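Each of the two complexes below includes chain A, the first together with chain B, the second together with chain C.
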Partner chain A sequence: MKPVYIQAADQISLQAPLSEAWMKDPIRYDVPYARAVDPDFKQWLTPAESRRLGKILKRAWVTAQSVFRKTGVEHPDAILVGTGLGCMENTERFLEALCRDGESLLSPTHFMQSTHNTIASLLALRSHTHGYNITYSHKDVSFDQALLDAWTQFRIGNIRTALVGGYDELTPSYFTLLERIGYMGGSQPGTGSETAVALLLSMEAQQGLCELVSMRMLYRPTEQALQETLHSLLDEAQLTPESLSAVMTGVSGREAQDAPYHRFIQQWFPEVPTLRYKQWFGLSYTASAYAVYAAAHCLDQGFIPDGMYYGPTPPRSEPPQTLLLLNQSEDKEYSLIILRALCGH
Partner chain B sequence: MKNPIWITGAGIVSAIGLDKLEVLDALLHGRSGIGPVRYLSTTHTEFPVGEVPLSNEELQARLGIPAGTPMIRTALLGMWALQEALQEARLDPGLLPQTAFLSGTTVGGMDKSEQYYPDFLSNDTRNDYIALHDCGSSTELIADHFGRFGFVATPSTACSSALNAIIVGANLIRSGQADRVVAGGSECLTRFHLNGFHSLMILDPQPCRPFDASRAGLNLGEGAAYLVLERPETALARGIEPLATLDGYGNTCDAFHQTASSPEGEGAFLAMQAALQDAGLTPADVDYINAHGTGTPNNDSSESRAMLRLFHHQVPPVSSTKSATGHTTSASGAIETVICLLALQHQFLPVNLNWKEPMEEGIIPVQESRPQREIRHVLCNSFGFGGNDSSLLLSKWQKS
Partner chain C sequence: MEALMVELKQAIIEALNLEEVTPEEIDNDAPLFGEGLGLDSIDALELIVLMEKKYGIKLKDAAEGRKIFQSIRVMADYIAQHRTK
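Right, the complex of A and B next:
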């Protein structure tokens, strides 16, 4: 199979939008909840679009346009989106009206933009793309499932280009709900926030930010299953654990959520430097999209910001060549991704 | 030639039956499951619905889940259908770690969220249901009831979710990432989407009449269905032969409007065309189409247009079984795939109920269940909001 490249990757987040300024000058947050920092939408959207589209849809279309512009790919073969909660703002408004006013006089506008696939279909609608179109909504691995689907179709030759996105919006009231179940907020670290990441993947480009070497996903794996999967993944990438430049995990400082990450590192990668990203990009069901985005830019620029390192293993002295990305939730859903720097980097 | 994908098990629950035998009997006798609301708590009793004739408590008891366990109806319906599929394919818990589970839904835990939302906002009494609100939770509840699946995922493309789950599963097998998958979807009725469809003015207060000149909207339904898909090798290792084969599929986007279909049915046309190409077949090979056929003026005219274009006005027998089950939204793609499977196995054409008068430039749907020729290849259409249009091609199993 020909290699698959991440040709471009863009984000809107707690950091400066549509920019890699966070690599030199990250914005730090010490609050339990903050919304993403939006770019100047006027540069990207007509006034009518700005009025009509919900926030998550604006962010989705702007990040998609940005990777389209950078790559010249305007009609990808596939559009794949992961979203944990979908278009929450519209869902909430419809639900609130239903609970407050009962079952009469409900406006169709919020319902029409409330389904999870509103985002991916908007991207198809705006880019006039009739190809494969799908949305995944599965907790913390929603984005990973979208990426795995793209990866699968590259492998079987169905597609040569793909737009893969991770999107979530977090309203103040939904933050309260997620705080109630201990997912974010409370007295523990981490800023509950939102996600908007677009990746443009291509088999055709000879260049880009990095190569997507391979990936695996597992559900409730036994230790043996995890070990076998890890071996097969590293074998496929022709890597040994020691040869990895670093492992990027989703640790956030929240003890219970971090425990499986710490166990995983101690058991399989005790000698490999470890990286984190949620301290800058926040907590969200689709936060793992920022791991891929951030890792791709670190590999492209040949350097990893100091603030990303955690754990006892010191950084390697040479520029990063290969990164393993681990995303897990509740020790149940697991996603493992290997990215590699391109020659000359 | 692509590697064959065998269908080795199927399970279904819907308004016309709690298992495949009951569904088959209802289809053969032209029985509809659409009637007045019994279980959903709604003031809109003017709209008939296709409900699964069991309460949550009854489902929970039959599944052996202790009373008082926090549960959502989408998960209960999913478990019920999955049980039948696993039994038929003889998949015991020991085989689940080598099996992927893909379950499409959009509603997820909304049935409880809409009931407890004021509590969600103001107190801690219903936190279990906050954790069950999202789509992925229903998939995990369903999966975990039976053991330890090796991979689970939740496609959510509105009304085509379950059909897309089957496509995702088939791609996992073709790419060699999975030997075996169980795929489909589950969706219960909620006030949320009943009112949503009502706000779009596409619910019919009469029994729906897909492809009829007088059609005036859809009736909502609920249910779940799953299919076991695998490579022949793994099925043969258990001494199992297929019920049918999944030979082709297409997923496309109409890219026309957020909730309406294009007049020319571009997405539908491309999806059916892709499924045929994928299977290496021509339009003349198709013996039956299970249409998306919701009964809305827009869908049925757009889908008719797509079929007339693709089949050059030589359209094979078509019917919409939503006239019997109601529109089971995210589950409909899997429910109708199981109906196609039954049509192939038992060689009958499911009748399109309530049809009287042809629509302008429309197809004439099936009125007589006895087929004119052998049913070897069938297409199953499933379309969703946002123009998420997909189509599958299933073939009768023929021992070579």
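Right, the complex of A and C next:
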């Protein structure tokens, strides 16, 4: 099997946009809800794009352009997007107008931009990409599903380049709904926010950030299934648990959501340092995209910011070489990803 | 008519999200589509919705819209004659 590389990864988030400044100087939040920090869109979008596109679409197109510029890949073979809520802002505008004005007086722009697959469609139209185009909307594992599909397409030889994105926007009203069901907000830690991450995957290693070695997804795994999957994943990467540089989890400080992560680490990786990222990138359905983004840059830069470590196991003394990324949702959906630093990093 | 044209320009700016355009910058007689504001077919649909929502005017024929949306002055003339609210 030929290896798959993450050639570039960019983000718009609670941190400085389109930048890795968070690795040295992260912006800290102590609020239950905050919107992402946008770049100056005028530098990236034409006036027509700027006025026509909703915020999530602007973010998607800007992050995509950024990874295109960094890699020189302008027309990837495939575009795969994960989104939990899709174009929420325009969906709300559309539904509010529907309730207020009736069915005959609806804005076509809001309607067109209110579906989940608008994002992947827009990316294809703007980049003139006519290949495989798909959107996954599976709550907390939406991004992971998109990445798994891309990885599989690479493995079976269907594609050589892919744009994989995780995108979500969070409106104040939807935040209140998610707060009501205890997903975010309330008295527990974590900042409910939005996601915009673009990865450019390729079979070429030049100037890449890291290798996407392997990944697996499981639904309601038994202990035995989880153990077997972990073994096969590590075998495929020719790794042992002890040889991992760290395990990056979706721990956020919210007890119920964190419990499966703690159990997983205790049971399978008690001697491996543990990392977290949601304290800087916030909570959202596609927050796991930031795990891949952050891990790729840590491997590329050869260091892990101190603020990412949690748990009793001290950091390794050598630069990170391999990271296992764990995302889970309600102890039902599990996603496991292994990333490896490139030679010379 | 002047007041209606100013009001119409403001409504178009809001409906079409023309963030960087002020009513003063829109020429009353300049074409709205192609040149001038450079509007497109999706904007035409937005204007049809605007006409009904704000002035109670229902445009059923796209060709009719093409004539009415020539310029701010032509639109305002049509609105003054046909408005129901």
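FYI, the second predicted complex is superposed on the first by the 338 of 345 C-alpha atoms of A that agree within 3 Å, B and C clash if a C-alpha of one lies under 4 Å from a C-alpha of the other, contacts with A are read in each partner's own complex, and residues count from 1 in each chain.
The rule is short, and it goes like this: a contact is a pair of C-beta atoms (placed from the backbone, for glycine too) under 8 Å apart; a residue touches a chain by one contact, two chains touch by 3 or more.
The model shown is predicted, which means the values in this text are computed figures rather than measured ones.
A.B. asks: Quick one: classify A:217 as touching chain B (first), chain C (second), both or neither.
C.D. replies: After superposition on chain A, A:217 lies in contact with chain B alone.
A.B. asks: Looking at A:125 after the superposition, I want to know if it touches chain B, chain C, both of them or none. Which is it: first, second, both, neither?
C.D. replies: In the superposed model, A:125 contacts chain B only, not chain C.
A.B. asks: Would you mind checking which one, chain B or chain C, touches more residues on chain A?
C.D. replies: Tallying touched residues of chain A, the top partner is B.
A.B. asks: Now for A:101: first (chain B), second (chain C), both, or neither, which partner does it touch?
C.D. replies: second
A.B. asks: In the superposed arrangement, which partner chain does A:50 touch: chain B (first), chain C (second), both, or neither?
C.D. replies: second
A.B. asks: In the superposed arrangement, which partner chain does A:152 touch: chain B (first), chain C (second), both, or neither?
C.D. replies: Touch status of A:152: first partner only.
A.B. asks: Thinking of the overlay built on chain A, is A:177 touched by chain B (first), by chain C (second), by both, or by neither?
C.D. replies: first
A.B. asks: Does any part of chain A touch chain B in one structure and chain C in the other, and if so which residues?
C.D. replies: 104, 106-108, 112
A.B. asks: Residues of chain A touching chain B in their complex?
C.D. replies: Residues 79, 84-86, 94-96, 98-99, 102-104, 106-108, 111-118, 120-122, 124-125, 127-139, 141-142, 145, 148-149, 152-153, 155-156, 158, 173, 176-178, 180-181, 217-222, 225, 285, 332-333.
A.B. asks: Which bits of chain A are touching chain C when the two form their complex?
C.D. replies: 47-48, 50-52, 101, 104-109, 112
A.B. asks: In their shared complex, at which residues does chain B touch chain A?
C.D. replies: 42-44, 97, 101, 106, 108, 113-114, 117-118, 120-121, 124, 127, 130-131, 133-137, 139-140, 143, 148-158, 164, 168, 171-172, 174-177, 191-193, 195-196, 198-201, 251-259, 266-267, 270, 384-388
A.B. asks: Given the complex with chain A, which residues does chain C contribute to the contact?
C.D. replies: By the definition above, chain C touches chain A via 15-20, 38, 40, 42, 45-46, 49, 52-53.
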